[in-house]
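Next come two complexes, and both contain chain A; in the first it sits with chain B, in the second with chain C.
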Partner chain A sequence: MLKNIGERLLTLIPVLLAVSLITFILGSMSSGDTARTLAEKKYDRPTYEQIEEIKTEMGFDRPVLVQYADWLKDAVRGNLGFSYSNDKPVVNEIVKYFPKTLQLALLALLFLILISFTLGILSAVFSGSWIDKITRIYCFWSVSMPEFWLGLILLYIFGARLGLISVLGGSSMKFPIIPALTMSTCSGGIYVRLVRTNMEEVLNKGYIRAARARGVSEYNIITKHALKNAMLPVINKLGIGFGSLLAGSAIIESIFSWNGLGKLALESVKLKDYPVVQGYVLFMAVLMVLINLAVDIVCGIIDPRLKNG
Partner chain B sequence: MDEDDEHMMQIKIQAIKKLNVWFRSSNGIINRIFTQKAPVFGLVIVALIIFIAIAASVIAPNDPLKVNMSMRLEGPSSLYWLGTDNLGRCIASRLIWGARMSLIYSLCVLGLMMVISIPIGLLSGYAGGRVDTFIMRVTDIFLSLPTFLMALAIAGTLGPSAKNMIIAMASVWWSSYARIIRGMAMQMKQQDFILAAKAAACTHSQIIFRHILRNIASPIIIMATLEIGSIILAIASFSFIGLGAQPPTPEWGIMLSDSKEFIQTQPQLMIYPGIAIIITVMAFNLLGEGLKNAIQD
Partner chain C sequence: MKKKCIWAVIVSALSLVLLISGCISNQVLNDTQNGTSGSSVATDMDDSNQFDSITIMVSGMMNPEDASPIESSTEMCLYEMVYEPLVKYGKGGVIEPGLAERWEINDNGTQYTFYLREDVKFSDGTSFNADSVVSSAKRWEPTKFSTPLTNVEKLDDYTVRLTFKENCYPVIIELTYPRPFRIASENSFDTNGNFVKMIGTGEWMVESYIPEEEVVMAPNPYYYGTKPSIKKITIRKVTDGGSRIMALQSREADLSLADLPSESKSIIESSKYLAVKNTEGTMGFFLMLNQENKILQDKNVRLALNYAIDKNSIVDNILGGDGVVAKGILPDTVPYVTDENSKGYSYNPEKAKELLAESGYMDTDGDGIVDKNGVPLSLTLVFQSEEYAAWKPMCEYLQAATKDVGIDIRLEQRDISAYYDAIWKNRNFDMIIYRTYEDSWNPHGFLRSMFYRAESGMSVCWYDSQLNKYLDEVIKTQDESTRQAKYDQIFKLINDEALIVTLCCPDKQYAYNTRLQNVTVAPTTYEGIEWQRITIAK
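After this line comes the complex of A and B, so read on.
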């Protein structure tokens, strides 16, 4: 087990190197713009010499690989550079904004679990009934709808009409219930389907028929016998889904003016604040990779068969 | 034609028949789709959208870019079917042109993705060995990247424009295609007719492009159809956050982003483009689902 985890951790290194290299090269490709932006901040109307001076000062005139090596050396020590727009360390910015994103993603995950298990189990048990039909329509509709559009509609209903949340932003929300609901509704379809297929498969197995023959109540069959066996692949997928909820919250955060990491990243992209964008992408990549690893470990604990296989 | 050659042809024809059975024969894919209702429905709508996209300049009642400040935020009329937006532009015309833009952009993304993934996938599957291992490692890395984030970072760095959005999306999403194409190429490589082609002294490029690529072309096209829905969604998202097509392009994501300012007073501005996106994506998804089921049966 430990050896497995160690091996998995080793395979993460090339992935992280690739992510960092790509983001770094992207950043350095646009270093001309960056130098200009920085010079404009410093001198208002910079001359060519002043821009060159900034370039030398920031080290943009060195070869890309040398710059990358330096940046990597710092990154390993936990220093991701400084934001161009407010000169604060990127790490501090990430630490400051991340809790909001985590809160949103966790709430969305909770809703996602509720939606997918309720609808998935009901539609598998009452296969062919109206619940099943509605669920199928929901599944189809949820993958065809732009998340940000549902966000706008909910913002209109709850913000402009009911006045429950602020349309113009500001943190009037204590819990990001509406944004989380938006995210989970839109990604729910896939998981509902997954629960439904797995439940259906398990319910057709021999041991379920055997349990029925023994006179076990239908409720116990579903909750104790079927659900436990149908859950494993779903947990696996949900873990990966949690990673994408964390990484994919940028648009929803900016629609609902929820001051999380995603909104910060979107704004940084627009401001050409590359250290923040780089830091964000790297941080999210590390997080996603670690979540995937954690999911594998958890699944190994739940189902010992996977440990050796 | 000598005996060997003829034998080779026979084998090849048989293999192609086997692999393309669901594409051509009487109970092939086309017929199977027509036995299901939903995919036919999807197909009809897709055809309609393609027609609208092609004939946009004829169908649209007004110029989608023409600003008319004296007609701001008007209701529906015979001239402006769905009313006008905040700059007095015709919403219906912008929606109709939006269909064309969405289709053009998504085809560009698909095309670029294919240009990247087909050669890589074919090379990996055909060459095998170390080349294959190396390419698969690279795709592994790309598959584990947070794609939306990377596309965001790339589009942000290159600067906001439709072209850069297309480059960004294709450059992070090619890897899964390359893998599938590699799988198909590997399967093809084991067919007898490839062995025969080798025996007949075909060059590697002849085998790859004439024998392998031609035979996997139709599954590749189907695979592409499956993806158009999600590509259209992604394009709309990029334009919505300002990293895709730029205003005043008549594009659904831009229309939605413009409408955000008027969310309290003019909610209809955000309803129309949203519905346009949903109908289009749903139609492509229905069609794709039908294709998938037809292949799997």
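After this line comes the complex of A and C, so read on.
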């Protein structure tokens, strides 16, 4: 097990190298001029000459690979650079904003588990019934509905109309219940279908029929025998889903004015604040690898056959 | 049993992380407040509806800990509330007393002597005097003025003299800018000269803040002017336009300094709790033309484009009446713009067709598009709708209107970065919709930024040697009538040569909660509202 973990952690090195290089190259290829953004900060209404002066001063006129090599040298020493917009160390910015995103993603994961397991199990057990049909409608609706749209609708209903949550968001919202609900509702459809399919498959297995023949109660069959076996693929998928919740919260954070890492990344992209964007992407890559590792460990605990596989 | 324990551990760990992350979030924010900024813990949202406090919304960066008077990306309204200039920019561009009661300019226009107010204190209780100006001026970048600042002298405790390299009239206007020439207390900086805290002589001071979320402003107890009737302004950062309108609807926020989505107009109009303050702005929308394009080098084509557009229709149907038709490049709310020097072109499609025919453009193949030597008159028009939603329907209208006179416009919508790259980097457009600067940057700053070309550089909008000469001359004028005559020449040249295509000038609009009374629009956009005048209905 420890050897496995060590090997997985070693794969982080090429992953991070590739991710950072791709981000750097894409950043340099994308439209937008960092030099102009910085010149606007310094001169408010810069001229061509002032923009060129910043370009030379910051070394943006050097080849991309040379710039990348310089960045990498610092990054290896734990220095991800300084934000162009506020001159603060990128590492500090990530550490400062991440807890808010983690809180939102964990709450969304909790809702996602509740929604997917409840609806998935019910629709599998009562296959073909009205519950199953309504769940199917929810699944279609969920996968086809844009997250920002639902976010705005929920903000309007719970914030502007009912006054149950603060529209201004931020610290006036202790727990991001509605933002988390928005995220989990929008991604719930896939998981509900996954739970349903796996549960249905397991419920038709011989050992379940045998259990029924032994007179084991339906409740015990579902919770003790079927669910545990149907859970493995769902947990795998939920792991990836948690990563997506962490990395895909930018729009929701922006709509609900939740000061997390996603909102920081979105604003950094707009401002061409590449050190922050680069730091964010690297951080998310590390998180993704670690989450996948954690999922494998959990799956190994649930099903010992996977421990060495 | 063992597995149950594992599950219990996993669930407990998840709950713990959830709780801890919530606590860490708050801890981090509180630490920031109590850190270098020395501010106290931020406030409750419930306060926003009290009778002596209001909540306003902005969309830009909000970092008071970073808001040095010299250089920052923090919202301009914060600067205006905290730091004061030596002179202020009043309505119609009139320079009014600020921290200086009066000032004198020497005969050759290089020395400005400021006589300072003697009743001013910074918000930390320290006195303001000539030393404060000298200490602030030492931090200014001398070359950021239109002509370099060469010397700052204290003549006595309340008199200072600024000497500039050359005679250049805009320096007095540049002193009114929200940054970088405002006066901050020496205590705003630590012993190493690093910025630590916003301390100014302005009407307001920072009471507490959460970076990038909210700033709570309280009246400066030492302010020498009229005391505001409101006791607290909470400035909230709300980046999403839809969320801003909902915050107004829910009455959590009282006023938005940031733009609201154009589609929300009907929501504001139908709400009994909301109203809009409209005032004529100092910004105009226009089409910038690419000088390198051979077709656009023909003056008749440029004139035809101006005649082909019904600007009244744009104002009525696209701006919903909230604006005025643009005659010249800048609206007549800008100093030195007159009806005489900015006559503009009225809608006359027949005249446009005549001009095109005069230049040899005829519709030879009957496709509705005129051509010359077999090449159709086709131009690309680049736009973006992220900053100004009205630009999209406006450009679609332009496409239809110019087609009526035989000009084919191909619309290219770009994301905001690619759009600005087109203007400032790669010149990848035939025509591009743009806006003028606002307030105190007009007209000198905007015109020089667009049309002026230094020896080695290039001009952003259009280069004309005569115009370049005028722009050089006008900034050296100290006499008002000479300056007006020079600006007459400048505006007339831009108009007569049709160096741009004028469109319209949108109004400045602020949506607010009707519980606010005496909402008065300030002379500049960066000031926004005259906060000291606002009262709250009981």
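In this text, the second predicted complex is superposed on the first by the 268 of 309 C-alpha atoms of A that agree within 3 Å, B and C clash if a C-alpha of one lies under 4 Å from a C-alpha of the other, contacts with A are read in each partner's own complex, and residues count from 1 in each chain.
Note that contacts are C-beta pairs under 8 Å (C-beta built on N, C-alpha and C of every residue); 3 or more make two chains touch, one makes a residue touch a chain.
None of these values were measured; they are calculated from a predicted model.
In the superposition on chain A, A:Met145 makes contact with chain B only, while chain C stays out of contact range. When the shared chain is aligned, chain B and chain C each come close enough to touch A:Ser254.
By the touch criterion defined above, A:Lys41 reaches chain C but does not reach chain B. Touch criterion not met for A:Asn79: it reaches neither chain B nor chain C. Using the contact criterion defined above for the overlaid structures, shared-chain residue A:Met288 touches chain B, although it does not reach chain C.
Contact with chain C, but none with chain B, is seen for A:Lys263 once the two complexes are overlaid on the shared chain.
Using the contact criterion defined above for the overlaid structures, shared-chain residue A:Val298 touches chain C, although it does not reach chain B. In the superposition on chain A, contact is made by A:Gln103 with chain C only, not with chain B. Using the contact criterion defined above for the overlaid structures, shared-chain residue A:Ala160 touches chain B and also reaches chain C.
The contact surfaces that chain B and chain C form on chain A in the two complexes overlap at residues 30, 152, 155-156, 159-160, 167, 254-255, 270, 272.
By the touch criterion stated above, chain A contacts chain B in their complex at residues 14-15, 18-19, 22-23, 26-27, 29-30, 140-141, 143-149, 152-153, 155-156, 159-160, 167, 243-244, 247-248, 250-251, 254-255, 265-266, 269-270, 272, 274, 277-278, 280-281, 284-285, 288-289, 292. The touching residues of chain A, when paired with chain C in their complex, are 30-33, 36, 41-45, 47-49, 51, 85-87, 95-96, 99-100, 102-103, 106-107, 109-110, 152, 155-156, 159-161, 163, 166-172, 174-175, 254-257, 259, 263, 267, 270-272, 298, 301-302.
Residue ranges on chain C touching chain A, taken from their complex, read 3, 6, 10, 14, 17-18, 21-22, 24-26, 28-29, 32, 42, 44-45, 55, 57, 61, 63, 66, 71-73, 144, 177, 179, 210, 212-214, 236-240, 242-243, 246-247, 249-250, 252-253, 414-418, 420-421, 424-425, 437, 441, 445-446, 449, 454, 456-458, 460.
Contact residues of chain B toward chain A in the complex are 137, 140-142, 144-146, 148-150, 152-158, 229-230, 233, 236-237, 240-243, 253, 256, 259-260, 263-264, 267, 270-271, 273-274, 277-278, 281-282, 285-286.
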